[in-house]
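You will see chain A twice below: alongside chain B first, and alongside chain C after that.
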Partner chain A sequence: MAQQEPLLSVHQLKAHFQSEDGLVKAVDGINFDVYQGETVCIVGESGCGKSVTAMSIMGLLPDTSKVEGEINLAGKDLTKLSKGNMRRIRGNELSMIFQEPMTSLNPVMTIGEQMTEVLLEHQAISKKQATKKSLELIKMVGIGRGEQIIKSYPHQLSGGMLQRVMIAIALACDPKMLIADEPTTALDVTIQAQVLNLLQDLKEETNMSMLLITHDLGVVAEVADRVVVMYAGKVVEQGTVEEIFANPKHPYTKGLLQAKPVLGSRKKKLYTIPGQVPKLVDLKPSCYFADRCEHCMKICTQQTPELKSDDSSEHKVACWLYENEVVHK
Partner chain B sequence: MAYSSNEMIQSGHTVQKSSLWKEVLKRFLKRKMAIAGLLILLLVFLFSFVGPFFSPYMTAGTNSQAIHQAPNLSHWLGTDHLGRDVLTRLMLAGRISLTVGIGAMFLAVTIGGILGILAGYYGGIIDQIVMRIADILMTLPGLPLLFIMAAIMSEWQVPAEQRLYIVMIMLSLVNWPSLARLIRSQVLSLREREFMVATEVLGLRDKRKVLNHLLPNVVPLLIVTATLSVGGAILSESVLSFFGLGVVPPTASWGNMINTANTLIDFTNRPWLWIPPGVAIFITVIAVNLLGDGLRDSIDPNMKGR
Partner chain C sequence: MTQESLIQVHQLEKKYKTKEKMFSKNNEYIKAVDNVTFHIKEGETFGLVGESGSGKSTIGKSILRLQDISNGEIKYHGKNVFELDKKEMRHLRTKMQFVFQDPFSSLNPRLRIGDALAEPLLDHGLATKKNVKEKVMETMELCGLPTYHINKYPHEFSGGQRQRIGIARAMIMNPEFIVADEPVSALDVSIQAQIINLFQELQEKRNLSYLFISHDLSVVEHLCSRIGVLYLGTMMELASRDQLYENPQHPYTKALLSAVPIPDPTKRRERILLKGDLPNPASPPSGCKFHTRCPFAMDICKNETPVFKEREPGHFVACHLVDQEKANT
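Now for the complex of A and B:
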């Protein structure tokens, strides 16, 4: 899959916020690619820059933030587009679904109105055609009785249904790329699986790419092709889902995998990574995970490791443990 | 409709399009005071707009034979110093007072609504300009401002029948800032809601975002404040007319009818001249406020037991 041009290529993306305490580097120079038809998962715990990454790709960060680097979507650098051009891309080529389906729909508009609206905005079609397309979309996301659904208001539907509707709206204009920011977090477990399967099926049907942001490794194992592990605004490890799960390299990734409850094994206490994500203000050059890492060495507190692979594979890690020369010195 | 519509959808029964406004109506019908307010208002409207057609004195005008009559069978509320039937005049005055009240409310809500939405949605320089003008207008005390404007109007000798419209404009000029402020604050909080972020993500243009998404969310608030402000506008008009600065005779308004109470003789000896318009103002304003309160309680989404 890696031979062709990536659909989305994020290069040295930085998103900084000025706060009273100093500069917050929420995202600090991350690189990753998403190819056509691929699902990439960004994982990490709360506050490590996953959502900010998604927001900066969508161009939704407030003007007070500073976004640097390149975000190439199908050859266009999104960071350099004018507001009007960006608006034309959003919802059309690049779409997004959110964590909270309950609040992401306007409470005073019917589902149908909110679905046709996107179609009317981005496509030259009549209202009648848009309604017809909406009905098809509702069928596509697996809800029956479309005629009733498009006439109902958001508060009349359940969370799972609303998330399906959100997906239908996001996919209305056949986007090339879908960003899903924790799409299943607010749903209960049985619905989670349904929604994930739905996303997976639709992705295969339309051959779009998906960037899935989650902290749920179960979700990752189920849908991801490749995984990007983020910690404190940096990518600490990335590789295919098999490599990450079978052979995690970074101590943080190992910790995440250990901290995941396994069905059928009843441990006294679930493993946790000690400590918490460091404050993102004025970090000194070091491995940011150093003070939580059981393998911490002297160099870890002095220099920032780079993301690289020890062989030529796609599996990259940013950890001094794997920098042979340094370790052996 | 024993089931909630949510259950009906999930259990696969057919559900009719249930509109949010139907629910509002349902809640509204449960509020007796609000209904009473609405009924009284309807009566006042009928009284003012239809009533005069039943009056034998519509075309009579002044009548030197029948001045200063106390209420009797042919003149139920007596006559004034020009021999005009007070009841007929009260009805005609009601037309003017209600028209001014509602007209001023429409203007104020339109100006305040548009400016408030623009200021809240766009923020920045537009917000600064609109809200600073509003602040300046709000620092000026309303009544003296109205007096000055009315005095200028008298100076320019505006014809009596046009003064009605100028009073409307004056009242709305004084009233729009507080409305704009209210709407702006509502829009500010709506703007940060997730569904507004979602419209951004879907690449909708500003026109759609404002007209389709923001406006319907502000409409309930607009309806309630508009209703309540009708009462205020009727009162202000009466005050102005009472001082002879609003609607002036020969056009009748409740305010300038009470004006007769200024004369000591009329005040002590002829209460039928000033009590009826006073009662009319009182009843109308109370009814408007009852209706407004009821509307607020039935529309306010925070009261909704979702």
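Now for the complex of A and C:
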């Protein structure tokens, strides 16, 4: 898979915001690729920059933000596109679903109106054809009674149904790339299982790529091909899902995996990562995880480690512990 | 059984009026809790699991008499909570406490946390103005809050610390019993582990009993000794942790367990996928409420409500399928 050109390539992406307290580096120089037909998961806790990453790829950050770096989607640099061109790409080639289906749909428009709106905007088809396509899409995401659904308003449907509608709208124009920001977090477990299964099936059918943002490591293990672990605006580790779970390297990744209670494996006490995520204002060059890390060394508080691998593999980590390994060899 | 049980809930029923009809006596009701029976032993953690709308929180609130009930009994140390007079109830309020999901919305934003913690002590005459500060600091330390925070306002704290404040506010009355309603659901993994461990420490130190309400089956497995599974206000299965997780009987419990994503990519399991959404609680299905989504539903399930029976010592199930299997063997 590595020989092929990546579909999405994010290079040195930065997203900074000016706040009252100073410059917030929400995303600070991250790199990752997503290949055709692949699911990449971005994991991390709140405030680590997952959603800002997604929004900057979509070009949906407010004008007050400063976005730098390259975002290449199928050869086009999205950061250089005009607003109009970006609008054409959004929905067509690049699509997104959000955490709260309830708040991302218009409460005073019927589901049908909202679905045909997307189709009419992006494709040269008649209203009749758009309605027909909407019905097909609703069927595709596993909702029966399509005729009835397109006449309903969002408040008449359950959370799981709405998330399916959102997925249907996102997939209306056969995007190459779907970004899903915590798509199942607001749903009950049994509904979450349905939606994850649906996304997985649709991905296989259409061979699209998916960038899934989540804090739930269980979800990651179920759907991801590769994983990007973020902490305080930086990527601290990335690799294939098998490597990350079997052989996590960064102390933060290890901590996350140990801190989560897992069904069927009982421990007396849960491992905890002390402290909390730092404020992203005026951070000095250092490993941002240093003050919570049990392996913290002097260098960790003075220099920022780079994301690299100690061999040529795809498994990369940004941690001084492994830099030393390289040095000692 | 009566001797050791701290809380006894017997055939609890809670109906909410949905529509007030002006000229008709036949008001419409939603049965949020329908004929639920269980007990909580001294020093144990009893878990209530279920999806949204299953009646978990309603049961929690009813036990603390934060709302009236429609039918049934709730006993605390053998005394019916709803027959206590004002004075007795006031005393009981100190012994039973509540920890909420979102501590921020349950704290007065204009009260320093030192004052917020002192308020109930002074109100109940459990401390004098002189020694109240000492007691507040003691409880803050107990709950892992540095005492120099005593003069801060709620908005100055992070999510994890706010939950510690919520717990401190409950602990300061030196209670015997705490109802914790989704206390870790809004927290990040690393913070969640800290709070779960705090709950365990407090239990060991103070011999507390908990009613732990959660939708997260992994957290419940970690914390609880006995667990009840609710679906649309009805108890489907009740068993010890080992019985429930190793030998679940009810198809709903099985489906719930199989829907939990496991953070191990080598274990991608076959799921029991439930069809459809939770039915509208205002018009619950006839017979067994789960029959509309149950993969094993039979004719009898549509017509007859299964009896909640003890199958093995301490293991209760309400399911016709289990009844039949028992009859055949």
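As a working rule, the second predicted complex is superposed on the first by the 320 of 329 C-alpha atoms of A that agree within 3 Å, B and C clash if a C-alpha of one lies under 4 Å from a C-alpha of the other, contacts with A are read in each partner's own complex, and residues count from 1 in each chain.
Here is the rule we use: contacts are C-beta pairs under 8 Å (C-beta built on N, C-alpha and C of every residue); 3 or more make two chains touch, one makes a residue touch a chain.
Model, not experiment: these values are computed from the prediction.
When both complexes are overlaid on chain A, the residue A:118 reaches chain B alone and has no touch with chain C.
Contact with chain C, but none with chain B, is seen for A:263 once the two complexes are overlaid on the shared chain. Of the two partner chains, chain B is the only one touched by A:60; chain C is not.
Look at A:91: by the touch rule set out above, it reaches chain B but stays clear of chain C. Once the two complexes are overlaid on the shared chain, A:192 sits against chain C while remaining clear of chain B. Judged by the touch definition given at the top, the superposed model places A:158 against both chain B and chain C.
Across the superposed pair, chain B and chain C both touch chain A at residues 158. Chain A meets chain B in the complex at residues 58, 60, 86-92, 95-96, 98, 100, 103-109, 113, 117-118, 121-122, 145, 148-149, 151-153, 155-158, 166, 169-170. Note for the complex: chain A touches chain C at residues 45-46, 158, 160-161, 188-194, 196-197, 215-222, 224, 241-242, 245-246, 255-257, 259-264, 266-267, 269-274, 276-277. Across the interface of their complex, chain A is touched by residues 5-6, 9-10, 12, 14-15, 17-18, 20, 193-195, 197-205, 208, 212-213, 216-217, 301, 306 of chain B.
The touching residues of chain C, when paired with chain A in their complex, are 51-52, 158-160, 188-194, 196-197, 200, 215, 217-219, 221-222, 245, 255-268, 271, 273-274, 277-278.
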